[in-house]
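Take a look at the structure below.
Chain IDs A, B and C follow the sequence of writing; residue 1 opens each chain.
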Amino acid sequence: MESGKNTRKVILDIENLSVSFSQYDKGFAKADLDVIRDLNVTVHEGEMVAVVGSSGSGKSLLAHGILGILPYNARLGGRMLYEGEELTRKRQEALRGNEIVLVPQSVAFLDPLMKIGPQIRKGKKDAAAREKLDRIFEGYHLKKEVQELYPFELSGGMNRRVLVSTAMMGNPRLVIADEPTPGLHMKMVRRVMEHFREMADRGAGVLLITHDLEQALEVADRVAVFYAGTTVEDADVKDFIKEETLRHPYSRALWRALPQNGFRFIGGTQPYVKDMPKGCPFGPRCDRYCEACQGEIPYRKLRGGKVRCLYAQ
Amino acid sequence: MKTHMFFLGKQGIRMLLLLVCVSIAAFFLVSVSPVDPLQANVGQAALGSMSPEQIEKLEAYWGVGEPPVQRFLAWASDFFRGDMGISLLYRRPVSGVIAEKFANSIWLLAIAWVVSGVLGFCLGALSGMKQGTWIDRLVKGYSLLIASTPAFWLALVLLMVFAVWLKILPVGLSVPIGMEAAGVTLADRVRHAILPALTLSITGVSNIALHTREKMIDICESDYVLFARARGESNWSIFKNHGFRNAILPALTLQFASISEIFGGSVLVEEIFSYPGLGQAAVTAGIGSDVPLLLGITVISAAIVFGGNLIANILYGLVDPRIRRGGGSL
Amino acid sequence: MRTHVLNGRVRTALWFSLAVLFLALITILGLVFAREAVVTDFSRKNLPPSSACIFGTDWMGRDMFVRTLAGLSMSIRIGLLAAGVSALLALLLGILSATMGKAVDSAVTWVIDLVMGIPHILLLILISYACGKGFRGVVIGVTLTHWTSLARVIRGEVLQLKEAPYIKVAGKLGLRPWQIAWKHMVPHLFPQFLVGLILLFPHAILHEASITFLGFGLSPEQPAIGVILSESMQYLAMGKWWLAVFPGLLLVLTVALFDVAGESLRKLLDPGSAHA
């Protein structure tokens, strides 16, 4: 799996995506909040890419942006290509739930008053839908009776498999998993991740959105490091073996904070959307911050990956 | 299942106890009144047409001879056996009068209840799903305006427009004057019930529409609707699968709990349209100091209201799977 | 950002002031014209609306505009009295219910269920009958029937407050429950109470008008909106539409303005909406 020399087909290509919210006050004035500024990520066939960023960095909006389910006051910028073509609103509506699927965080995303079976079938009652769901459930070792349960009746072990089943009702080419393992035990996490790995191995592209680098390194092929609304680095999982092979100071800081590398955290916090510094968002926490960092910083190719830093070599 | 039976039993007993209290309170209120019903009403003509037995009973209840507690117990024990006393104005057993008036009112109430419920739910759901659009503004504006409009004035306006100006509907009375009850056709009944039912429906919509709207907005902002959208469900599919399912229960509960308001409205509306129902009888009884009838109507209407509340409580247990299957509380 | 937030609040405050100003104007004008309202002039009987009498005149030649103002003023004053006492009752019972233990709580809840169980209008008829009808009956009736929902709100609020750390500390310091309620809870409840009080008015006024309309409230010689509309019924069939339409519209406006005042005050007092 040589990254950079990936010859497989690109499924999703996102270039400089931005998401901003115009907030209307009670008056007529509006204020813009740029939650995502420059997000770049590419997903190939059969590949699992993790977008890693800390909580509150706006990662979920990426998923909502791809699916076209952002709230009405959100504005989208940049470019999204799906299978080489612009991902327009019309295509989003046609593809979501079928070729592009979302696996949510928890069963809180299921309607509490609708039984599991009908809910996964989206209310469809035809024989084909029933049969398909039965087969999916078999594949995940879920009993048929589970279809007759309500979400609150599911056990912890069933929860994940049911959520993953929702994705398989379509013909997924691109699977977006948004924090699919919140607060789960590592053993459990591995089992859930196996499901996604399986989907990738069958040819789908998997976009894993998570705050947990350790988890991402375990299963993903590539990692896009996301900081304060910007992707700062795109690296192969292998690059995370040593600190030196990483390109961006923030990725290195993340690396040092891993348990096996000594739990060393850097000072400061991620800037809030409203008081974002000019240029490099990581600047205020970086040793090498200088005037040049306050200008435009290109996202450039470097050693088989990509980086958004003037000094990376 | 056992806990559910227990719940039902408890609710039922509570309802009965409340009814007893309602009758005590009502009896107390009419007892302290400075108006003497026998003097005010029965007087000469009525007393003449009654048997000595009946007169004795009347005096026992409403006269000044005995202490109130004993009067109440005498009245209540008769009531419990189905004898609600003799109406002073109609000079017939109260139970018969109430049965006849109730038969007239129930149509009106049922139609208004169903129409306002269905219409209110639909408007509220539409408004909530289209939050911020002109439809939403229209529904919200209508509901708020109607909430400020007295039912009796609306009745007057409708009467003016449809009966006086357009002359397409009758001015009042549930049956044409001078016609034998048997000669009244269904069409006549319907024609006379249209305006009162319309008034009650128009005013009843407001509350349920506003509540359903709020609920629907909450639903549309929920995670499960977001996920449904992510799974490619259309607006209609989202409404069918999730919106309706989650909004109907609170709406039904509210509608069962609002029987009291529709009944209250019917008192005014029946009076204006001279519709011979329970509401008009209550006004007549109050004005004419017909204490036995007033008490009877109070207890019966309270029973209907409590019955509605009871159904609302049971519905929650029956329909919401988290209570039905979970056995626990929410 | 901040100035825009202020804009919204200023606008709400403006709505509130306008509504209160308008209602005060009706109340005062009604009092000023109290005498004109009953002046009969048989030379101008049953006149439709004109520039001289914008609401027209009735069968005794009384100016309907002045009569309506006097009636609404009366309604507002009755509402003021009844809603005020009713709201105090709600505050008292709500606090009692939440602080004095289980027995008191179930007793108060029981009374609330009882009052809510009898249809409003019917209970008003009963109370009016008990008081021998007239002004006293209306005021007592409206007072006794309107406190329930506000009492529920206050009870819930107090139950929440009881869990607040500073209330618990006050309890540990040995303050009596009533001292805690008066010193620490009432100030906190005041905004809720005020909004609840204002939102009681529309109901109080509507019910006063309804019960008077039915003949249980104010007597026919008093200038009451219920009396005006009740009288107008007899003239509807003759096409005297103005007797019902204008007084009714002004009644709707009055009730709606109370709603506007209450809701805008709620927005102003709610710290949450300041950041919205």
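Heads up, the rule we're going with is that a residue touches a chain if its C-beta (ideal position, glycine included) is under 8 Å from a C-beta of that chain, and two chains touch if they have at least 3 such contacts.
None of the values given here were measured: they were computed from a predicted structure.
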Review point. Where centres are the averaged C-alpha coordinates, which chain has the largest centre distance to subunit C?
Key: A
Check your understanding: B-C versus A-B: which has more C-beta pairs touching?
Key -> B-C
Review point. Roughly how far is subunit A from subunit B, going centre to centre by Cα mean, in whole Å?
Key: 55
Revision key, fill the gap. dist(centroid_CA(subunit B), centroid_CA(subunit C)) in Å evaluates to 23
Review point. Hey, which residues of subunit B end up touching subunit C in the complex?
Key: 18, 21-22, 25-26, 29-30, 32-35, 144-145, 147-153, 156-157, 159-160, 164, 171, 260-261, 263-265, 267-268, 271-272, 282-283, 286-287, 289, 294, 297-298, 301-302, 305-306, 309
**Study point:** List of subunit C residues in touch with subunit B within their complex
**Key:** 110, 113-114, 116-122, 125-132, 202, 206, 209-210, 213-216, 229, 232-233, 236-237, 239, 241, 244-245, 248, 251-252, 255-256, 259
Study note, to complete from the structure: Within the complex, subunit B is touched by subunit A residues 63-64, 67, 69, 93, 95-98, 101-102, 104, 108-114, 118-119, 122-123, 150, 152-153, 166, 169-170
Check your understanding: What residues on subunit B touch subunit A, complex-wise?
Key -> 223-224, 226-233, 237, 240-242, 245-246, 249, 320-322, 325-326
